[in-house]
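What follows is a short report on a single structure.
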Amino acid sequence: MIIAMRSDAAEDQIEHVCDRIREFGYTPHVIRGEERVVIGAIGRGDNKDHLQTLRSAPGVAEVIRILQPYKLVSRELKPQKSIIRAGDLEIGGDEFVVMAGPCSVETRDQLMETAHAVKRAGARVLRGGAYKPRTSPYDFQGLEEEGLKLLAEARQQTGLKIVTEVVTAEDVDLVAEYADILQVGARNMQNFALLKRLGNARRPVLLKRGMSSTVKELLLSAEYIASHGNDQIILCERGIRTFETATRNTLDLAAVPLLREMSHLPIVVDPSHGTGRRSLVCPASKAALVIGADGLILEVHPRPEEAWSDGPQSLTLSGFDEIMGELRRYAHLEARRIA
Amino acid sequence: MIIAMRSDAAEDQIEHVCDRIREFGYTPHVIRGEERVVIGAIGRGDNKDHLQTLRSAPGVAEVIRILQPYKLVSRELKPQKSIIRAGDLEIGGDEFVVMAGPCSVETRDQLMETAHAVKRAGARVLRGGAYKPRTSPYDFQGLEEEGLKLLAEARQQTGLKIVTEVVTAEDVDLVAEYADILQVGARNMQNFALLKRLGNARRPVLLKRGMSSTVKELLLSAEYIASHGNDQIILCERGIRTFETATRNTLDLAAVPLLREMSHLPIVVDPSHGTGRRSLVCPASKAALVIGADGLILEVHPRPEEAWSDGPQSLTLSGFDEIMGELRRYAHLEARRIA
Amino acid sequence: MIIAMRSDAAEDQIEHVCDRIREFGYTPHVIRGEERVVIGAIGRGDNKDHLQTLRSAPGVAEVIRILQPYKLVSRELKPQKSIIRAGDLEIGGDEFVVMAGPCSVETRDQLMETAHAVKRAGARVLRGGAYKPRTSPYDFQGLEEEGLKLLAEARQQTGLKIVTEVVTAEDVDLVAEYADILQVGARNMQNFALLKRLGNARRPVLLKRGMSSTVKELLLSAEYIASHGNDQIILCERGIRTFETATRNTLDLAAVPLLREMSHLPIVVDPSHGTGRRSLVCPASKAALVIGADGLILEVHPRPEEAWSDGPQSLTLSGFDEIMGELRRYAHLEARRIA
Amino acid sequence: MIIAMRSDAAEDQIEHVCDRIREFGYTPHVIRGEERVVIGAIGRGDNKDHLQTLRSAPGVAEVIRILQPYKLVSRELKPQKSIIRAGDLEIGGDEFVVMAGPCSVETRDQLMETAHAVKRAGARVLRGGAYKPRTSPYDFQGLEEEGLKLLAEARQQTGLKIVTEVVTAEDVDLVAEYADILQVGARNMQNFALLKRLGNARRPVLLKRGMSSTVKELLLSAEYIASHGNDQIILCERGIRTFETATRNTLDLAAVPLLREMSHLPIVVDPSHGTGRRSLVCPASKAALVIGADGLILEVHPRPEEAWSDGPQSLTLSGFDEIMGELRRYAHLEARRIA
């Protein structure tokens, strides 16, 4: 249920409505839009009918039932697109934001070379895994805190923001010390302990769709983070698992405009995992821009054939440069800026 | 195995190579490119090593083994993109070809109104089903020949080409009398009796990907048609069946550049079936253009809420007009013309 | 809508109800059960409410709306299991019927050796493909009518019934001359032209589930055959296509009791295609029996390593013998006979 | 690589081989079988060729390369089935072990009533969720430690062992205090931080297959636990996500004999989640027994229509009783005991 306040509603009227919501057994979430304030009444209170009585409370314009199981992240609750901020960077606004970097942080040289190159080409965020969720225990598991330190060093050298994956609730505080954006990988999209902890983090979260998750489940996972207190969430389509084996995953690009209808959160696309083949990353990136994504996250490596993970889908530095050039040709048609 | 002739090879040298191929138990397929002639030796002959001896035959430049199970439709055999012609219309060339019309031919009024409108908006081909493969026997099964006649009348009135589905081998000749392009629906992609018969048809074939078919299987189905004598084939990505239920199918747009690498055949995209939701058709159409498709096939109906089939995914006439406008904004960046 | 007649309803009362049904624009289907007659009113008549008026017609016990889109094959219409007969063989009754034989009819020797062996081991039906729907046009396509003649010869020698695939509507009459049961393969489950023609055939049809078809779609395909006049249908679960690649398909054994709840038709299981691995066929066969299937269809070859198709999933003659032994150990617990 | 010792190998010879393995950069895992000792050399050492030199070390019978990416859990390493012990209960031995109980621990009454009933009917382990991974943050999340205490109380009253889910690495120690077997749910199958922590737990782990995980990925997740020190693992097939919506999941019963070929670990089946429909649980349970499972895990609730979660798939107490009766009829044919 959401309570839309009149545009001239006073603070004490808002406060009064929140008090009543609590009395009825729900939790109020106040969303301050540009034109007016909307209050979500979330939870499993036992007085659903009583909420309707708020219709007559002073300052209330309307009381609307949200039919979808996701509430705080829904477009019903907040019709305008949200802009997520990481320092001076805005995701979900006019800028089409490209995040790029290696699958794994491997060495200082590899990371710095990549960071400088993607910065020059127009990336705004450096990606790189320090904690790697790998299918086999015998595969490289990441440099862990050492990797985080290298990422922080790359930020200092280049001014890029840092996005990196956190794989367990226990690591959230540590990773948040170094990263600007905390990434939840596909395998952890329904790691609810992690999602709850991220609800307390003071960093934006980039939430990847699980490999067999519906868009509705993705939004419910975002709702976990939001309902635990952190509404700074970026959704990420990264391909789903299907019977097709010619590509690593099936990139569900139509999910982008679909999520746009369902949610106010920004949406980025990961064509590297979404296709798993270097030669498909450029066309898929262009399509992602044109279909309405707010940005991309791309794997780039100075020497993909030597990469410790995901070599076949990693772009070379010059390949990334070419993609940025291509994207710039299309961006203005979408009324988007690219750095 | 393919035998590439020298650019100065004489006709009798080509004939000689074909004779030897037959002796070895294979069938020769002569492909006359702009620069030179290439001869495919297809089938299950028992003299694979003997084929290599053709290397020393007069006029032969090289003998190359094709590793893929699809041969005639492969890019290995013919590196240049094929252009498929329906009268004066070229598919796979510079023009981005839009096919549009109702799911089913319902009435003369419905069809003519739609035909004139899509023609005005820039479509080059009119789609419309006269034979409808419906999941339930109690659903509308199409007007059959009466529908074909209405399509032919619409062609006469508008100059649009006609694409319509043929659902069984027995109907191929009849449908080919009326249609310019014969469509094979997703459910019939592995109806091999139909594919073989289409190998004898003198019309181009638009072959839709089966709802659970891999791209490799799509190419092998195209190979059926080609190996039976008809190489005028247009591939069509129309979405695959996955666990996701928010969209009717999952549109596999990355399959477009992937098929481009694998095959020389033109590729069109069907965002109507691919998404099943009217609001997603426009963004998906733009993405299809930008990711490299040669055209689109779209469902359009004057009054979708009254459509006898596929209403929820059908565009209105004005909705189609808007999409064409959008596509024109992007086409030049792809070096494509749109009518 | 179904009209259940009273147990003492007279023939002319039945005829009267049928006439009224026709007047209302529906087609009557008379089902004569052991206790009473039930009449289905099928189709898209325009007088749904009028049907209710039949409630007061003489001899009518009840008028019941069938909610499912499949009507004639539904358990709502006919609560008792159907028994399908091929000569003296009953499928769906007390006997657990095993159909066995090679994927393809290859040679007289191969077929006769297999036929005698499976007969000795307890099979009641010989399977073998004369028309093979193969993914590649360069794969063996079957011996066609020559294969049918060999199957008929094997029947004469062994007394086994014959089940073999028909791949196109045009072949139905020819195949029906030789075969006792007509098989529709997974790729043709939605070849509606074929299904309609089978509605006129005087042979039982074994209808395989499509590789990406829901159980509801399977029943609607059966409904095509039934609504065109042939209610002698055997359903077949043969595995569906999923992301798992360790098995050829994912055998959906729970579909057996589910189909049992939904339909009165007999159900057999094909563990050969369902798993694609010889070593899994025996355990899957036992499970199919115990989960409630009415029979099995199994691939058996004297020398699987030399089979022209499906070698890896074909049982040896002795392997088949062992499975029959295993099945006999369990059959009595299911109150089933095995030959 | 595994080093099989001669049956008369002495302890110091075993020790010597382990030392050399460490020198070469690998970790030795000693498996003491009934006939002889086998040593796994696991990891990414840089002296693969040197391992071969162990062939000539005293006491060594053979050095065998394990080709599969899973090593410790593979049947190549240990051909005999493993038996996992929880107190006096053996899983993977002659007994067919049934685990039963509610989806969620709700109240003391609900749990004790269920526990006594399933104990009487023949269950050996009580299941019940205290920490619930729910798709929506607004759904019941479990009683947490309070639920664990109730489970422990039920154990005391009934003598049943307890299996319950642990959803995050941080909770492993707490849950291990109360539970006899720690369950990893489908959504956490690739929560590698959790798996690593379970490698240190002194409790057996019941590892559920992820809803879109291959059997190979399931074994690699088991390998995580084993390679971190805990080889007490029970695999659980619980259905995979497919396009079929008539059942909650598609229960992949053929995965049971397949996993048996690949791994020495015991395998149980969860037909409740695997089908999602109460009426299918009994036939699927019988099939699981016959196809070779070592046990079942079943949802049972005194009043399923009032269950706080998973009502539609929960058995009633009497329904569970009937299933146990059915299972006993079949168990002796599999040479299995049921309590």
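Think of it as A, B, C and D in the order they're written, each chain with its own count starting at 1.
Here is the rule we use: contacts are C-beta pairs under 8 Å (C-beta built on N, C-alpha and C of every residue); 3 or more make two chains touch, one makes a residue touch a chain.
These numbers were taken from a predicted model, which means no experiment stands behind them.
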Chain whose Cα centroid lies at the greatest distance from that of subunit B | D
Across the interfaces A-D and B-D, which one involves more C-beta pairs in contact?
-> A-D
Provide the C-alpha centroid distance between subunit A and subunit D, rounded to the nearest whole angstrom.
-> 34
Indicate the whole-number Å distance between the mean C-alpha point of subunit B and the mean C-alpha point of subunit D.
-> 50
At which residue positions does subunit B touch at least two other chains?
-> 212, 241-243, 245
Listed in rising order, subunit B residues that touch subunit D in their complex are 212, 241-243, 245
Can you list the residues on subunit D that touch subunit C in the complex?
-> 212, 214-216, 240, 242-247, 250-258, 261, 271, 274-275, 277, 279-280, 283-284, 286-292, 329-330, 333
Within the complex, subunit A is touched by subunit D residues 42-44, 69-71, 133-138, 167-171, 187-188, 190-194, 210-212, 217, 220, 223-224, 227-228, 241
